[in-house]
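In the two assemblies presented below, subunit A is common to both, partnered first by subunit B and then by subunit C.
== the complex of A and B ==
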């Protein structure tokens, strides 16, 4: 137990911070309740899925700047195909979009591995490619979304009204994809190539292949993120939303080391909820919107710096 | 953390103090740092202040997509506002949150662009009329024949589609007018300038230019390249309005597209809260045309110019019959309690 707490101090700290923020929200707005949690969870969903995707590549020692653009491609593809489709067809479409996400991510990864050009350059270039693809598919917001898909993230769980469906959706999707990987050899390899690719290579880890898989997983979560945007808006938007920088910020705040090799997925997800709650509180307090952006950034820097101080102290003792 | 708590405590105190009677109005806008949108937000603040009926404004103003605007509108619902004035990211994407707001008894007014959710009120500039008015004047100026360069806005944008309808309507009235080139400027200054430079360099013959508001850089391109000036139609952006008076030999007209439609939206929201809802859910504000060919037009241009205005702002800072604030109030850009 003690070891577990020591290993997860950061994540626990984030959970406490989130609880404190929710309490604060309740103080600011005494009416804050189930509907407030629901809107918070719905707003957080696309950010959380993007953050999970980003966290996986960062753990594997990379970064994917094209994540928001891949989300846009998934969103417009889903929305265009689902417009007027039956429920049965839309299930096939959703699976197709997820495969498309895997493929887009795998292309990113393969380009990095084959060309040996730094990931930051390749994914920056792919950002423009995927942006163009999204606009080619749909040049203006439009399309539709199946009703069952939209219902997946709207409202509370029947029987437990305060628990937003969006949270359950996020938990299930992430657990189903990530836990088996984390517990398998592949999970170990992802951390190994992020920690020290040379050592991993000498230990017999297929570095290139593992890297491609990391990017493919990122693409898969980007597709889920794009679908979640379509789920909440009911349409597809070809212009990427503000998910790239937000996901990098949440990954760092969530305790994943940008060099790779260390961190988990729970921390970044908690960080997403923290950032969304801060945004909500700033709106509730009607803080000047220009000042609000400064406050958001300041909190982020302050928390990360606070963590760095804690880490160095921990090392000394 | 301590600072954060302190700040929050202070903010709580302020919120407590302001709890007098009056409406609480929420604002949601998804484009930051654009002159037109900044004017819109300032008009909203000024109108809320001038009305004397608004206790506080809750402004969600950032660069985001429709999903982000859903979040903002839901946060405003949580904040317990009486009305929400929104410039929608697009017509369909925010319907879910708009419906939730109106279901909660909140008045929703969409300004500038429409939303398809029927429970919302819409107050918008008449974009079809905007294009028709300018194009008709331009075609008359060209003597009813010749080729025109058609410089549109952003592909797929609602305002651009509406303007295209108005432009086509004017084209239908002048059968001898043809389109020399049709381009999308994306409402980007640099892109529009590059495009007109290419068109001038290519030597395509044309007798007039219609622009969707990317106007002053087009005049610049003619002046810089030394190409003979043709009649140019633009919007009432301060830069272009200034050129209409200062550039030698330029014939042109500015069509008003006031960002102050935001102030009118706040005025409409207050009217509805006061129990005076309009008969129609959609209210259109008609544009005016100011040209520099007749003395009457020149006088209007001179009256509109104001050196105190930001050059990026449209010069039509108020909408007669809707907005109640003074010029000083909108330039000050202060809302109630600021």
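== the complex of A and C ==
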């Protein structure tokens, strides 16, 4: 237990910070309650899924700049196909969109591994490609979403009204996909290639293959993120939101080291909610949005610096 | 062609490999039989690293073939090599820094029980499987690496400069374990520069020079000289002159005076004087405070107590630039810390020249080229691959780190294990170079992990044990046994 706490200090700190922020929200807005939590969770859901995808790639020592564009492709593909489809068809469509996400990610990864061009260059190029694809499929917001899909992230869990379905949805998909991976050798391999690719190669890790899997997983979570946009709005969005930079920010704030090998998924997810809550509080306080952006940036730098100082202290004692 | 019956477990013949203009291997061969430890020796740049990479499948040979247990090897990567029973332990640890010991084993499908057995056998029974690799000292990592390889029960174990980073007591255990492998009928390829280790455990030695196998000899007493001859190929005249003129009387004020220096937990009380024209050796077992001493003198770290005087004036270094300004220049143990790996040899040598900005404005190219050229000449740096320093061999990289300070003109040179992992020919060039610098008036502090070097390169040696100076020995009396006893703190006397 003590070991676990030591290993997860950063994540625990983030959880405490989030709780404090939610309390603060309650003080600013005394009637903040179940519906407030629900709208917060729904707004955060696509950001959280993008962040999970990004975190996996960063842990494996890479970065994916095309994540928001892949979300747009998934969102419009799902919305266009689901428009007027039956429930049964829409299940097939959702599965198809998730496979499409895996495929897009795998293409990114394969290009990086085969071409040996730096990941940042390849995924920047692919950002434009996926963006173009999304606009070809649907050049303005439109399409539809199955009712059951929309119900997945709307409102509270029956019986526990204050717990938003969006949070439960996020927890379930992330756990179902990530926990088996983390427990398997693939999980070790993802951390290994991020930590030291040469040592990983020498330990018999198929480095290229593992890298492609990391990008494919990122694509899968991007597809989930794109679907979550369609879930909450009911239509497909060909122009993606600011998911790219927000996900990188949450990954860093969440304790994943850029450069790879260290960190988990819970920290980045908490970081997403922290950043969204800060934004919500600033809106509630009717702070000028431009000033709010400055404050958000400052908080990020301050928290990460604070963490670095704590880490140095810890090493000295 | 019918297969010639061969009892070699591993049989490499006619192996050649070219990188662009550089013919790294021309015709290398190596045979290892069951129950044998075969040393693979050769000067840096002779092609050893390339040969090792070809044997383990990291590189594909242009010509020649490798046979393992009589079949043509199809090894294409380290994982494949394992399936053939060939397990390498590379020069740098190949463990994942951010994973625990247990996870690293799991990653490579290494069974835990035999690993625990070997780790105990090798002298680290208390090592925790949950320890993060990142938190372990280098020496422990080498042992973990070796124990992991042994746990796989390899038919052929390939050890590349394994003992370079190990303290003496661990080396003894490693040698015993390696010899026992062969006595049980397995085979070992032992890449090393250390004759005493090779004499202790090897049956034969295969010697490479300029990409050719130039000899395959049985190890017997007195074979060292022949092997040196083979490695040198007559290119360099024999040993450094044993008889040196009596060293000059110390001038009144030493170049560097260190008194009661203390920092951190390891360096507790070190005092010595370093004079102009002197090469002062530093002898210490792993982790006795020598790293901290060099860090303080180079301005990387502050002393918590004690004084440093340069030419009689007390100094405090807050930053490496302060130390450089006082004429103290460090050649660090890790070449990667000192060099701009992707820049050219020329630029690397010129950087310290430029760093000292005397005149603003354009670089005087003619002047620079002349000094750099002279430095390359003095050191006989192999400049076939001079475009990027990272493509040079280890020995040549080390020469570049020293060359840069020679071109600048050095007052006090701090050398931290400058000859680690490099060949005997380059070593000798470095000893000569250090002596020349001293003769020109430089003062040199020379830490080495090889005790034999004290006699070859130094005037005196300070011995540090447990953070304190326990002895100061004249180089003429500094045979390995004396130094070893002193380094273990067995002969402690009051420092002079």
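Criterion: the second predicted complex is superposed on the first by the 317 of 317 C-alpha atoms of A that agree within 3 Å, B and C clash if a C-alpha of one lies under 4 Å from a C-alpha of the other, contacts with A are read in each partner's own complex, and residues count from 1 in each chain.
Here is the rule we use: a contact is a pair of C-beta atoms (placed from the backbone, for glycine too) under 8 Å apart; a residue touches a chain by one contact, two chains touch by 3 or more.
Worth saying up front: this structure is predicted, and the values here are computed from it rather than measured.
Novice: Given the alignment on subunit A, is it a clash or a fit between subunit B and subunit C?
Specialist: On the superposed model, which is not a single observed complex, subunit B and subunit C fit side by side.
Novice: Report for A:195: first if it touches subunit B alone, second if subunit C alone, otherwise both or neither.
Specialist: The answer is second: A:195 touches subunit C but not subunit B.
Novice: Have a look at where A:308 lands relative to subunit B and subunit C in the superposition and call it first, second, both or neither.
Specialist: In the superposition, A:308 touches no partner, neither subunit B nor subunit C.
Novice: Students often get this wrong, so check: with C-alpha centres, what angle lies at subunit A between subunit B and subunit C, to the nearest 10 degrees?
Specialist: 130
Novice: Considering only the touch criterion stated at the top, classify A:258 as touching first (subunit B), second (subunit C), both, or neither.
Specialist: neither
Novice: If we overlay the two complexes on their shared chain A, which of subunit B and subunit C does A:151 touch? Say first, second, both or neither.
Specialist: Touch partners of A:151: none, neither subunit B nor subunit C.
Novice: With both structures placed on chain A, which of the two partners, subunit B or subunit C, ends up touching more residues of subunit A?
Specialist: B
Novice: Per the contact definition in the header, classify A:203: touching subunit B only (first), subunit C only (second), both, or neither.
Specialist: The second partner, subunit C, only.
Novice: Which partner does A:114 reach: the first (subunit B), the second (subunit C), both, or neither?
Specialist: Neither partner.
Novice: Taking the superposition on A as described, I'd like to know which of subunit B and subunit C A:92 touches: first, second, both or neither.
Specialist: A:92 sits against neither subunit B nor subunit C.
Novice: Of the partners subunit B and subunit C, which touch A:175 in the superposed model: first, second, both, neither?
Specialist: After superposing on A, A:175 lies clear of both subunit B and subunit C.
Novice: Just the number, please: smallest Cα separation between subunit B and subunit C in the overlaid arrangement, in Å.
Specialist: 31
Novice: Do subunit B and subunit C land on any of the same subunit A residues, and which?
Specialist: Looking at subunit A, the two contact sets are disjoint.
Novice: Along subunit A, where are the residues that touch subunit C in the complex?
Specialist: These residues of subunit A touch subunit C: 3, 185, 188-189, 191-192, 194-196, 198-206, 261-262.
Novice: Given the complex with subunit A, which residues does subunit C contribute to the contact?
Specialist: 77-79, 82, 88, 90, 93-99, 103-104, 106-109, 130
Novice: Which of the residues in subunit B come into contact with subunit A in the complex?
Specialist: Those in contact with subunit A are residues 1, 4, 7-8, 11-12, 15, 32, 56-68, 70-72, 74-80, 89-96, 155-157.
Novice: State the interface residues of subunit A toward subunit B in the complex, per the touch definition above.
Specialist: Touching subunit B from subunit A are residues 24, 27-29, 31-32, 35-36, 39, 42-43, 46, 139-142, 154, 229, 232-235, 237, 239-242, 276, 279-281, 283-290, 292-293, 295, 299, 302, 306.
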